[in-house]
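Each chain gets a letter, A, B, C and D, in the order it is written, and its residues are counted from 1.
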């Protein structure tokens, strides 16, 4: 059973490679999985926003989990995204995780409804915990869910559900500070986005679930260690580079089109997005190349 | 075939009454439908956010459409909500509308993805138009979708898809102003929220799709006329009342829990919300009663 | 003594015309004053933000008041701006108003400090009221002052200071609605910005202090009447035009550079701004002309 | 002549102690100055927002500078605040700095006007540089000035004016990141607020101008060193403590009332604020004590 101590370091949210017909390219998916593990990933999140969760059926989530678990073969934990508006929706995803060997589930609070009372929030996490035997990683993404989990909310969730950690994507560093101060011993706090990785680790975060380190090669796997060491020219340089990459991917096309295009550039076969997201345009790709040239990310073509 | 001229006046978004087990109460639904028509509704939106769209399967949407169409029997148009992250998702809902006699579809741009390029946006609306023979009403709800349709976006949508109107829920009156200025002749602009109903109609909006008029009785059906008349103590009073109601419902519990509780108070059997929304608490209901007392909405208990 | 009933209709905030050396051009100021009165102004605000208050010494404010009062000769009320961080600063301006015949003072709450307790707020307005015999018009400009007066704040101010009215520049129409509902009988509510003039008057505002009507000629003086009449093609057209003008002036150069340039275009000798605001550039002026061409404002060159 | 290398470490913005009559208490001011130097301050900012700049005349600024320079006697640099809406206003303050021995000036861009073109911005800083022989420290406080200096703006200012450093108070860590990446070699970047002190120093900031370290005693003077060392339980603890203090002072009463009350609690005679800021209430002081108890700041009564 995965515990909070197993959730640490570099835990990327993997893309789901689709071909032009919108079909999942399983071999490509596994090739990316291998690359992430080779670069130091201790865990892989499937069917997160990077994985275009909004297009994936329960069966597809199950299949991705199965092939990831088989391929990882214990080298990295496999965490399946199961966010949904309703608990029934989340549990349908959770079952796929259970049946296919996932190590944990990643879940936002109820999506789409934009508001929850404390009671509704706790009902969701306790309901999820009761409905599955898998450990749960909470996911706080105020921009995506419209809900902003406070430190008090997260503490209350911990009291009712065996949540082992949190992927924290809030942009306000007051929040990271208070969360780390209050709860770093009770759960594994995994920080993001990129510009909070090193500052967060210095303050007690266990690792990071963030998009951007994919372009650092083996340095991605070293970030959790670097963040605990004396600041250096290298750590500053990695921080600047990560922040630029994140800004680039966030500011170009519709997420995760630019991320997929950038992965393709560095030789990872991410394919194209599914409807409703269109592939990055030539102009988008040129912009990515220009930034990569400037910050020193090498790419193939 | 419903045209832009058929979309006008009072077009409420109806709740879906659920019992404590989460089952749809069809008779209650039809009773509310009758009340809305009696109060002057010219159309009814099914499976909008008020209808807890996020919990409704395609089959449930089809069934609600069927019984509404049968009961309305031409007295009011029936518009089915079909917003979804993917086009395939929207088309699955649209088919239910077609098969069960809906007069039109109501659709946000792609939900959940938070960002679209112009191209992606047009692909959604043209894809929806090509995939269904029903007329489309666009729905702009920046808070709900995370996407803010500009007047230029809406104009571009009109160029590629036979959109007959728009439910506009933007909060910035600059937007309403520019939208009405530019497009009021090409489509039926239906304004909301409540505090923009009368100002919007004075400027050329055809009507309103907004939550709040349900509590005005037959005055709801008169608003579209009142908004075109000389301002009076009555019109100001209705404006103040509508704004207070909207603020109350929006500021109490998780949408649409307070709305359902308030409908129950005035004798319309709205039942309770489905998971993940909890019913309004006693404290919430007391707050609703206190505001109703102050603004003069009579209720049963 | 000016009362709330004397504050109504079209009350423009006049610019202070400077020459290239930064000197006040008194004749130009009086020429603009005459034009505003000719177009229907019932009052004139001097040393507001349009008048570049931040550059005007007490003596300059006194002089402008004196020549305005002499020229208006009772045809329009003269209201002097006296906002400042400290009460002593406001009172220094107020004395100039008293000594030079102003009819009233216009005052924001304490500027620059960004926050006030209720007690500090009331001390400012009661201190101002005790320190001057002139009536006070409050000015709520959250963007400018960093302070957002709530309806409850404004009601509390009315309880401690003989405030006759308010210039309301909040952008959120909820606020206008609640303010008009609660306090329209206790004070003269003068609305702005432009896109809330007609909607506000329909709901009981007495008039408007807003930048934009200057470009409507004699229609400016008719707006307060038009807003109380049955909506028409003309009223919608004026609303659209005003909103376009306001957006243009607000979105071009640093306030009030574009406003001054636009006045110069229609033949009113507004001169140039004082440091730190630079004159509108040729590109700015071309943009103004292009919008004027589109919306039908005629100009000289 | 002070250079960028002289601007580093702990540079507090000192309060101006007033008595109940609003008079400056010079002995109290010097006592606080001594305490700050004893705790490691390498410079002192006079007449910043902490000093209630909005209430201080040029003569008062000169006098404070004079006594601070005499007392510091080279142990700490003295930096005088000279922000104002107009250049003439800033220069009047600058002259006081020159005549009284200040080492540098601290200046926001033009206050109150809320918007500047690039040209206006450069005119301000080049005008200030030409009008004084003292080195300039720029101050970016988007919340206070309404202006948000971009990294490109700051680079452009460096090209036209001999700015030796910047006090950076932006809340968005993207900004700190890009600023440090681009300009840390051309100027001394002094970070704030409190929760960015240690993360900023790890990335190349030279020091901090921030409110909060006053309550850390001699640890204040060690922060700039600690931030460059390997993260530890102590550094995390100081970060959490600083963030709590800043949140407390910012969230209580009107700035700097709570700061003054808190200084009084730890035995530094900060007196009371001047109009328009009221002294902290008993409830405010109890709140401060409660937080101090929780985070371990000892105080006298």
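One rule holds in what follows: a contact is a pair of C-beta atoms (placed from the backbone, for glycine too) under 8 Å apart; a residue touches a chain by one contact, two chains touch by 3 or more.
None of the values given here were measured: they were computed from a predicted structure.
**Student:** Enumerate, in label order, the chains that touch subunit B and subunit D alike.
**Tutor:** Chains in contact with subunit B as well as subunit D: A, C.
**Student:** Just the number, please: Cα centre separation of subunit A and subunit C in whole Å.
**Tutor:** 52
**Student:** What whole-number Å value describes the gap between the mean CA coordinates of subunit A and subunit B?
**Tutor:** So the centroids are 35 Å from each other.
**Student:** Counting in whole Å, what is the centre-to-centre distance of subunit B and subunit C, each centre being its mean C-alpha position?
**Tutor:** 39
**Student:** Quick check: what residues of subunit A touch more than one other chain, meaning two or more?
**Tutor:** none
**Student:** Touching pairs of chains, all of them, please.
**Tutor:** Between chains, contact exists in these pairs: A-B, A-D, B-C, C-D.
**Student:** For subunit B, which residues are in contact with subunit C within the complex?
**Tutor:** Within the complex, subunit B contacts subunit C at residues 171-174, 177-178, 180-181, 195-196, 198-199, 201-204, 227-231, 235-236, 239-240, 243, 247.
**Student:** Which residues of subunit A touch subunit B once you look at their complex with the stated criterion?
**Tutor:** So the residues of subunit A touching subunit B come out as 54-55, 85-88, 110-117, 119-120, 123-124, 127, 143-144, 146, 253-255, 274-278.
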